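Shared between the two complexes below is chain A, which has chain B as its partner in the first and chain C in the second.
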Partner chain A sequence: MKVFLNGLKVIKGEVFIMKDRCKGCGFCVTCCPMDVLEVSKKFNVNGYHFPVVKNPDDCINCGLCEILCPDFAIWSVLKEERQVVEV
Partner chain B sequence: MVEHTDELHPSEYFLQAGSIPSIWCPGCGIGTVVNTFIQAVEKSKIDFEKICVVSGIGCTGKVAYHVKFNSFQAVYRNPIKRASELKLKNPNLKVVVFLNDVDFMTSGAEGFIGVGKRGVALCVIYVNNFIYRIFIEHKALSRTPFIGTTVENNIESPFNIPHLAKSCGAQYVARWTPLHARRLMYSMADALQKPSFSLIEVISPCLMYYASNGIIGRSLDRVSFFYDNSIIKHGEPTENLDIRPPNKIIVGKFVDNIRE
Partner chain C sequence: MKKIGVFICHCGSNIAGTVDIDKVNEEINKYPGVVYAEDYVYMCSDPGQKLVENTIREKKLDSVVVACCSPTLHEVTFRTTCELAGLNPYQCEIANIREQCSWVHEDKKKASEKAIKIIKTIIEKVNQNESLKPISIPITRRALVIGGGIAGIQVSLDIANAGYEVLLVEKNPSIGGHMIQLSETYPTLDCSQCILTPKMVEVSRHSKIRLLTYSEVQEVTGYVGNFNVKVLKKPRYVIEDKCTLCNKCVDVCPIATASEYDRNLAARKAIYLPFPQAIPATYTIDAEKCPGFLPIACGKCAEVCEPKAIDFDMQPEIIEEKVGAIVVATGYDLYSVKNLPEYGGGKLEDVMDGLQFERLLSATGPTGGEIRRLSDNKVPKRVIFVSCVGSRDTEKHLPYCSKICCMYVAKHAMLYKHKVPDGEAIIFYIDVRAGGKGYEEFVTRAQKEDEVIYIRGKVSKIFRDNGKIVVMGADTLIGKQIEVECDMVVLSTAMVPNKDIKDLLSKLKIAADEYGFLSEAHPKLRPVESISAGFFVAGAAQAPKDIPEAVAQASGAASKVTDLFSSTELKHEPVVACVNEDICSGCGICIPLCPYGARELEIVDERRIAKVNDVLCEGCGCCIAACPTGATGQFNFMDRQVYNMINAALTVREDERTNGKIK
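The block that comes next holds the complex of A and B.
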């Protein structure tokens, strides 16, 4: 196991949401592989339920929410990248 | 919780200022197609000024308005012909055509066949939502047998578009659904580099017309219906690509060759 893990990178991302652009389609919440997002109970300016970050530490910066969003309202940036060293 | 409204989206530079949020319904696949297209342009590192977007009528026609590339919206059933004139006049341009049922496979079908046979280097992105129904004879061409605009099921089977594109001599033919976003992006980045006619078919539901029948639940369910009922088979012979509802929709990259 030590052989496989050594040298791999652990990537953490940070999700940004522009909530007034959201139209509440739910693509990002459903397709997030790490279950980072959830639908808020609040409304935005246009009356839609926008997504909020539920587990900010789980984001792996895969960018799937960014590429799926039809209204360019959500994106992620690289926050931290570190290499696994031998345990 | 992170909510930064001051920061800008990484693709903001490619969007027409003030046009977002777009006019499309919540859950429509066209917005995702535009997003993947912009990311494909960023990925393939094509010069921003060398791209021209042409679109037709209807919801898909609004793509030309939302993106910041050089773009225009052609009149009814003419976008492929106008785009081919643009490409022949300016061979250095990368011309991308966004089409729907009307402009591609029903009223504008003769344009697609002629231009495709001639091998004009267009990148055609066809958003297929199975709903076109202005004339009765067009129902047989592009609509689906299971849902859509007829109350009873259609007696005709839908048209096999990748097969027609291959027989017209297209160099790159692929078919995806909007939720295959990453694969769709790589397909678009490939098709933008091709020196000949290339076609990408995106199967996306029309939320409004499916809602009137009430067959498939909420908007997200309608998009993921196509995702769940699709199976990826790269290099499948194009004769087998008919969409017949009990069988799964075959998606993937079917043709990728050099035109002789």
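The block that comes next holds the complex of A and C.
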């Protein structure tokens, strides 16, 4: 839904995934509060389904995936601070 | 046998037109026990009541029957008259020969016979009436006000200023209701916020008012004077006393969502202050949107909060209070544009409802008071206002008139012209209903001074064509179909009751009409009281109304509440169930049947006996009908009385029998 600009800004993050490190536990997918990730249908080199980014715009750079990942395979970085134009 | 006096009222021609009063009088005079029967043209008038009063004294009557209209109208009147004459008021009964006889019949002869029978049954009843005394019940002098809009605020202030405690419950994080969303108010065009915020502050500072925002009434039990209410206080996750309104939490919050205050025209964060003048002045975390409830997912607001006011562990709280009266002022919502597919169903850009346009006009709104389009941020040069959207539509939508639209479209068009002097404001209307002080002058001013164009006719369709919005409708004054292109459309959608009203009604057990607007006890004479004792209504929860009317009704409701609180105890009708303890078998059938929870089992001398709580009993008779042993009766409705009444009603006169009419 489009809204008028009222100076409100939100933080957006970007998720990076090293797919070959992943062993498919799925913690990041189930715990993401913004439902950014999903399990890929593809396999990585070790034969696991790794996560992929489904809704890149929704990432708020909370870093929960990064904290939870047992294999240091996923992390997020601050991408931008953006004016809210849609909700 | 008692000495009974019968007083027959003509009610002008209401009764006398269909009932042969002389014949009735003659018949009744002969009836055993009747020592005096008299008729009078208006028994409820002062001379009529004097007649009753004097006759009681002169003839030393034991009981009185007044044959007149329904007891809901004048039972109290005549019982008071009897009391003045020194007779117990419960020795007076009404025989309803108007609603139940003269009004529903045409044949004078048969109606007269029926009237005689009705009076005879009541004579039999009153013959065995006991002299009862009203039951006294204590009263909690504290009021619950549900809804913190202008009506709820006014009720609370009026009751509190009279010296009684008030519990004001508001569902939203701040009080203010819809009025705080408005820009200017007709007909004086004074700023809505400027006149409302002082009252909001007064509410928050008043020593007699306990304000519970972000709270909902969960349960109401008890009866007038002694309600027990449970209020659920939802956690706002911000400690009100610690918050300093520094706004750091809002800056860091990563979640944006639509602002309810701005009617979805602007964004707010998941932690938010609904509007700058909100009362209580503190942030609220929208638990549905906030990711902070997942452990360690987000806590940015708590990290930056210096006074440590954010508490993610805050729990819902149930507050239990005793109150004596409940005022319902839950207000209105707008009929959703989604119900109107012919007008775009909410999917057309730049087609908005009246409250959204109010936000556009408001200096605190998303555009700071400039009129701009959401689609391209341009100033619209032609705006069409459509009145009666969803209202006065018996076929598809709501049949009633929403009352305020005629005035606020004129205001909208006027304010638009003030802000965009080279713009064009067109109003589609069916009628202009501007009844009110200064209202017609206001509409004339919009037409003459601000050159607002009024087109008489209904709009049939609104659609987009090449970037322009096209409004298709009739101009009934020239008798043609017209299509007008414009840049923005404002729909004056109908007022409907608050969407949560049904849920609340089931908790309060009070009546509403078919649309969900609360029913008043009498449309003319008791407009602020509900039919259920102890409940009062105020504001747009009862019917569509504007601010002056809502405030007037609120003050009316408050005065009724203070009237109730002015006595130390309440009188309860003594016509309640009673138990013959010698016969009661203690089966307990009556207990689950009682709708008021007035029956309970007690052990008396090792026997179970179903007792009656006089204060709770409303005399509905449910337990009496169910009692298998006949132990339960009702004062002045005892079995022997009812049997005598039936006998009187079914006894056939000798001449009827001989005429062969009845075999």
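Keep this in mind: the second predicted complex is superposed on the first by the 72 of 87 C-alpha atoms of A that agree within 3 Å, B and C clash if a C-alpha of one lies under 4 Å from a C-alpha of the other, contacts with A are read in each partner's own complex, and residues count from 1 in each chain.
The rule is short, and it goes like this: a residue touches a chain if its C-beta (ideal position, glycine included) is under 8 Å from a C-beta of that chain, and two chains touch if they have at least 3 such contacts.
Remember, it's a predicted structure, so these values are computed and weren't measured experimentally.
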Touching partner for A:46 - first (chain B), second (chain C), both, neither: first
First, second, both or neither for A:56, with chain B first and chain C second: first
Contacts of A:31 with chain B and chain C, given as first, second, both or neither: both
Contacts of A:70 with chain B and chain C, given as first, second, both or neither: first
Comparison of chain B and chain C by chain A residues contacted: B
Touched partner set for A:14, first chain B, second chain C, both or neither: first
Chain B versus chain C as contact partner of A:23, first or second or both or neither: first
Chain B/chain C common contact set on chain A: 31, 64, 67
Contacting residues of chain A [partner chain C, same complex]: 1-4, 6, 8-11, 31, 33-34, 60-62, 64, 67, 84, 87
Footprint of chain A on chain B - complex, ascending: 1-5, 7, 9-12, 15, 20-22, 24, 26-32, 34-36, 39, 178-179, 181-182, 185, 219-220, 223-224
Chain A contact footprint on chain C (complex, rising order): 251-259, 264-269, 291, 294, 296-298, 349, 366-367, 372, 374-375
Contact set on chain A toward chain B in their complex: 14-27, 30-31, 46, 48, 52-53, 56, 64, 66-73, 75
